[in-house]
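Two complexes, one shared chain (subunit A), two partners (subunit B, subunit C).
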Partner chain A sequence: MSQALLQIENLKTVFENTKSAVTVVDDISFSMNKGETLALVGESGCGKSMTSLSIMGLLPGTGKVAQGKIMFEGNDLTKKSVEDISKIRGNKIAMIFQEPMTSLNPVLKIGDQMTEGLILHHKLSKKEAEARAIERLKLVGFARAKDMMNEYPHQLSGGMRQRVMIAMAMSTDPQLLIADEPTTALDVTIQAQVLELMRDVKAEFETSILLITHDLGVVAEMADRVVVMYAGKVVEEASVFDVFEKSSHPYTEGLLKSVPNLEADQTRLYSIRGNVPTPDEFPIGCRFAPRCDKAMDHCFDHAPDLYRVGDRHQVRCFLYHPEKGTFSHE
Partner chain B sequence: MVKYITRRLLGTIPMIVLISIILFTLLQLAPGDPLAGKLDQHADANYIAKLKEDFGLDKPPVEQFFFWAKNFVQGNFGVSFDKKVLVQDLLSERIGKTVFLGIVSLIFTYMIAIPLGILSANKPYSKLDYTLTSASFIGFSMPSFFAGLLLIYLFGFQLGWFPYSGSETEASGYEGLEYLMDRLHHVILPAMTLAIINIAQYNRYVRASVLDAKAQDYTRTARSKGLSESKVLRKHVLRNALIPLVTLFGIDLGLLLSGAIITETIFGFPGVGQLYIQSITTRDYPVVMAITMMTSMAVLIGNLIADILYAFVDPRIKYD
Partner chain C sequence: MSNHLLEVKKLSKYFPIKGGLFKRKVGDVKAVDQVSFYVKKGETFGLVGESGCGKSTTGRTLLRLMEPTDGQILFNGVDLATLKGESLRKARRDLQMVFQDPYASLNPQMTVEQLIEEPLNIHNIGEKKDRQDRVLQIMDTVGLNKNFGGRYPHEFSGGQRQRIGIARALALQPKLIVADEPVSALDVSIQSQVVNLMEDLQQEFGLAYVFIAHDLSVVRHISDRVGVMYLGRMAEIAPKEELYTKPAHPYTQALLSAVPIPNPRLKRERIILKGDVPSPSNPPQGCAFHPRCPKAFDRCKVERPEMMHLGSEHYVACHLYD
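The block that comes next holds the complex of A and B.
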């Protein structure tokens, strides 16, 4: 654990107003090693984006980290001042977002947006920063990088903009790249291109990638390890191999079954029944119990812990409780 | 761009023709005529006929219109029925004053409304924001004759800081900078009166626009780069947020020439607005026509200027 680049301990993120507080990320822990790609998987609203924004210190509105530690290179980011966080954000930790169409500023030239971080963090002159920006744009596959510096985002397609975002995020040589659904808004062919690009970038700079996605295909292609989230909690943590071969949590199984399989003779695609609960009405017991086919009576009024089922493989489900036999079945 | 501007300018011609026809018709339909109230009831019928002939009022309306239009196109706005001088002479001494009033009031508006709007948007739903919202509501609801009187009472009578009548000190013999300062001194209260309602409106627009831009993805991207909040605001938020204001600016430009009827009247400010209301009461057709046409054209051109400005502030807009 000592060489962990990012270690999240018992992170709890809440949105508060004067009347009530809603917990969107509840007691999450995971760690990432240098050079590792960790996929944070879950349905919309499970808290995966909020986890990443907590790390960046970019929670919208009234959101804030209420508890826990975010250890990055041995320093707790939650304890740092706004200025200190600003020195890390966009420098050692960079982020790319889901919506390339709206993530670039429409009224500023690409060159201007590309060089901002370099001038701020690396104290480069405008000229040096431009040279570096052009180099990074070439790296993400733009042959005419130099001309692009003078263009505006609306002159580029969605895939091109996402590549610009990647080049921009990688311009400061970050140790950690947080990619929040980087391919969700793109065409399938462009998706593959962007994923390949992220793999190349990772190989070249030994960047760790925290990949936030709901797409298990992307997970299989990119990730070393997987953290599955459901309703603000981690429900399973495993290597990518274990997730696909030995997935243990009924929710993870459900997710895998919902992926279309060309070989199986399916007429109807499996779907997990019910809906994701909203943060203000999370069930008291296991949060997945109301939608779970294997739920026992015990599950509805007791919240499970994470139980070890293998090497670096943990599952939040009573089926893996060491004394599982003592629970009454349905 | 030249092509676009030419096309737009040509497009304004039918609008101006239409406006002039409607305006002329409305004036004809209005009760009374330029002679009403000017002659005593025993006046000689021949004398009345003579006067009507002098003003061209004896001819049928359509003929009157074409006579007016022909002169107007040639830059001859006619003679004021009431003041018996050329309309262009009457206007030229007032336009400068009215434009000066308008520009000072616009400067007040922008210099106060934009910072207030940004302040509100920086801490939405805070005490400051609610205070500014309430103040805007009051400012927006206050009629300008009331606001004007309030300012006259406070800063004119009570504090004696500013003069509250006329556009300059009569027969002062001021020259150069001193003269300019004197005019500025006179224009402050009426300009502020005009600005109050604008500030109340504009700071709302700015607040909404800045709040909107702050919630955009590109602002989050800018923050994710580690830029300070003030840099994010200055560089990323404001450049986007202030673009919609260009539209308002275009309208303001157009209205610069029209003057402010009520405010100019309250302050005895000899501008276009004051002349306008006088001319309407005396049915001074040539003056009313000239001022209304001038204002309409200014609004059309102001809008065109706004559209052209858009191309400069927003790279997504191109005219070709």
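The block that comes next holds the complex of A and C.
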């Protein structure tokens, strides 16, 4: 365990108001090694972004971490002061978001945005900071990096902005890059450019990447390991090969079967019946039970734990319970 | 030609760019630029291409939700582009649209029943009682719980809202539905439900679809033939099997190679295109794709390629095939 860069233990994130509390991330655990790309996948609202914002200490509104540890390089981030967290962020941990405009300041020139943190946190001189910024803009493929320093975000296309975000995130040589749907808003040809860039950056700097996405193609292409989330819970954790070849959770299986194939024709698409539940209506028992073709009576009033099915492969489903036989025919 | 339900000929839609002190017209956004294709009865024509290439504008112009700048839209032999008043209103019954964002396209103040009945009211179809029966029947057809007719759109999930949108489009028993990114906003597991529903409805009612999407896998699944647009122009049209296995246009080749495939063992040759899609207000001379095309040659910079016939129903606009 000593080589884990990031280790999340039993993380629980809640939004509380005077009337009620909803748990949007419920008892999540996973770990990432140095240089590893871990994909967090699942459908909208399952808690992917809230998991990453919990790590970054950037939860919106009344959101807070109610329980659990976020161990980064041996320190528990949940115990850190606001100042310490903001130092780690934009330094050792960097984040890129789905919509780059939300994290780029529209009234600041690209150059000023890129050098600000370097001057403030890294104590670089203005000149050094500019040189670093230009170098990183070149790294992400901008031939005219120098001119771009004087441009504003609105002068760039979506793909260009996302590349600027990556350049900015990489300017501090972070150990961990959290990328929340970094290519979801981009066209496929631009997505291909950005994914290639992320792979290059990882190879060059040994950055670990926490990649949040709902696109299983992107997962297959980028990830070493995969964590599948459903309704605020981790339902499966495995290597990328095990997820695609030995997926064990009925939800993971269903998800993989639902995706139409680019390379072959199918007569009919598989579909998981019913709807994705929202946090105020998460079922008791197994949260997937109302949609699961393999559900047993037991599943509707008991919540499964994560059971080990292979090397670093865990599944939250009673089908893999060591004593499954004792309740499957209740 | 008789089995061509819809035949679009050199359709163009330009938006004026206004500028300067007197807001005079200073140029055009050529959102759709001389696009031609046809749709046969009961088939699905997929329309793909990157953001801003003119897919939605094409779709909306077909239905005369936008006025075409030029070209013909022959529907059952009648040119919709020139119809006016009552005859346009009548013709429109046969063409309906389903939108990407089911929430934005549904009036939040109307119940589901009212929403589905509205098109019937507009076209004065049947007695009140008949209309109500029809609404219940359609709700059943698209898989909406009939007891929820009194509810409002916000009380439904994304996938169910899209079912409401489809129900509205079906109310008038159209022959053609233009579906603009109908599943793009939906989760994977819900997306396949809606795709299956659309296929079932096509079978049952002999509908033809123009299915607009940027997800090439979904388009492969649902389409019979596919058109690829780039910067307001049609780059290639082919039966889907042919397009996906033997793409002819360099842009189609790059587009297909860029799609990530959900198989971690697969290592594909990828054509990485340089740069971004140029703005349609100032498209490149000659072939619009030439600044990004890995196979461009001198002629491409000066001469716009015409659509060429490659055999069967395969068409391509590229000088390589001349």
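In the analysis below, the second predicted complex is superposed on the first by the 320 of 330 C-alpha atoms of A that agree within 3 Å, B and C clash if a C-alpha of one lies under 4 Å from a C-alpha of the other, contacts with A are read in each partner's own complex, and residues count from 1 in each chain.
Just so we're on the same page, a contact is a pair of C-beta atoms (placed from the backbone, for glycine too) under 8 Å apart; a residue touches a chain by one contact, two chains touch by 3 or more.
Because the structure is a prediction, the values reported are computed rather than measured.
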Partners on subunit A (subunit B, subunit C) - clash or fit: fit
Three-chain overlay, vertex subunit A: subunit B-subunit C angle, C-alpha, nearest 10 degrees: 70
Chain touching more of subunit A, residue-wise (subunit B, subunit C): C
Contacts of A:T62 with subunit B and subunit C, given as first, second, both or neither: neither
Which of subunit B and subunit C A:R268 touches, first, second, both or neither: second
Touched partner set for A:Q191, first subunit B, second subunit C, both or neither: second
Partner chain in contact with A:G159 - subunit B first, subunit C second, else both or neither: second
Subunit B versus subunit C as contact partner of A:L120, first or second or both or neither: first
Which of subunit B and subunit C A:G90 touches, first, second, both or neither: first
Touched partner set for A:N150, first subunit B, second subunit C, both or neither: neither
Minimal inter-chain CA distance - subunit C and subunit B, angstrom: 5
For the subunit A and subunit C complex, residues of the former touching the latter: 43-44, 157-160, 187-193, 195-196, 214-221, 223, 240-241, 244, 254-256, 258-263, 265-266, 268-273, 275-276
Complex contacts: residues of subunit C adjacent to subunit A: 50-51, 157, 159-160, 187-193, 195-196, 199, 214, 216-218, 220-221, 240-241, 244, 254-266, 270, 272-273, 276-277
Partner subunit A, residues of subunit B touching it in the complex: 215-218, 220-228, 235-236, 239-240, 243, 313-316
Footprint of subunit B on subunit A - complex, ascending: 56, 58, 60, 85-91, 94-95, 97, 99, 102-108, 116-117, 120-121, 152, 154, 165, 168
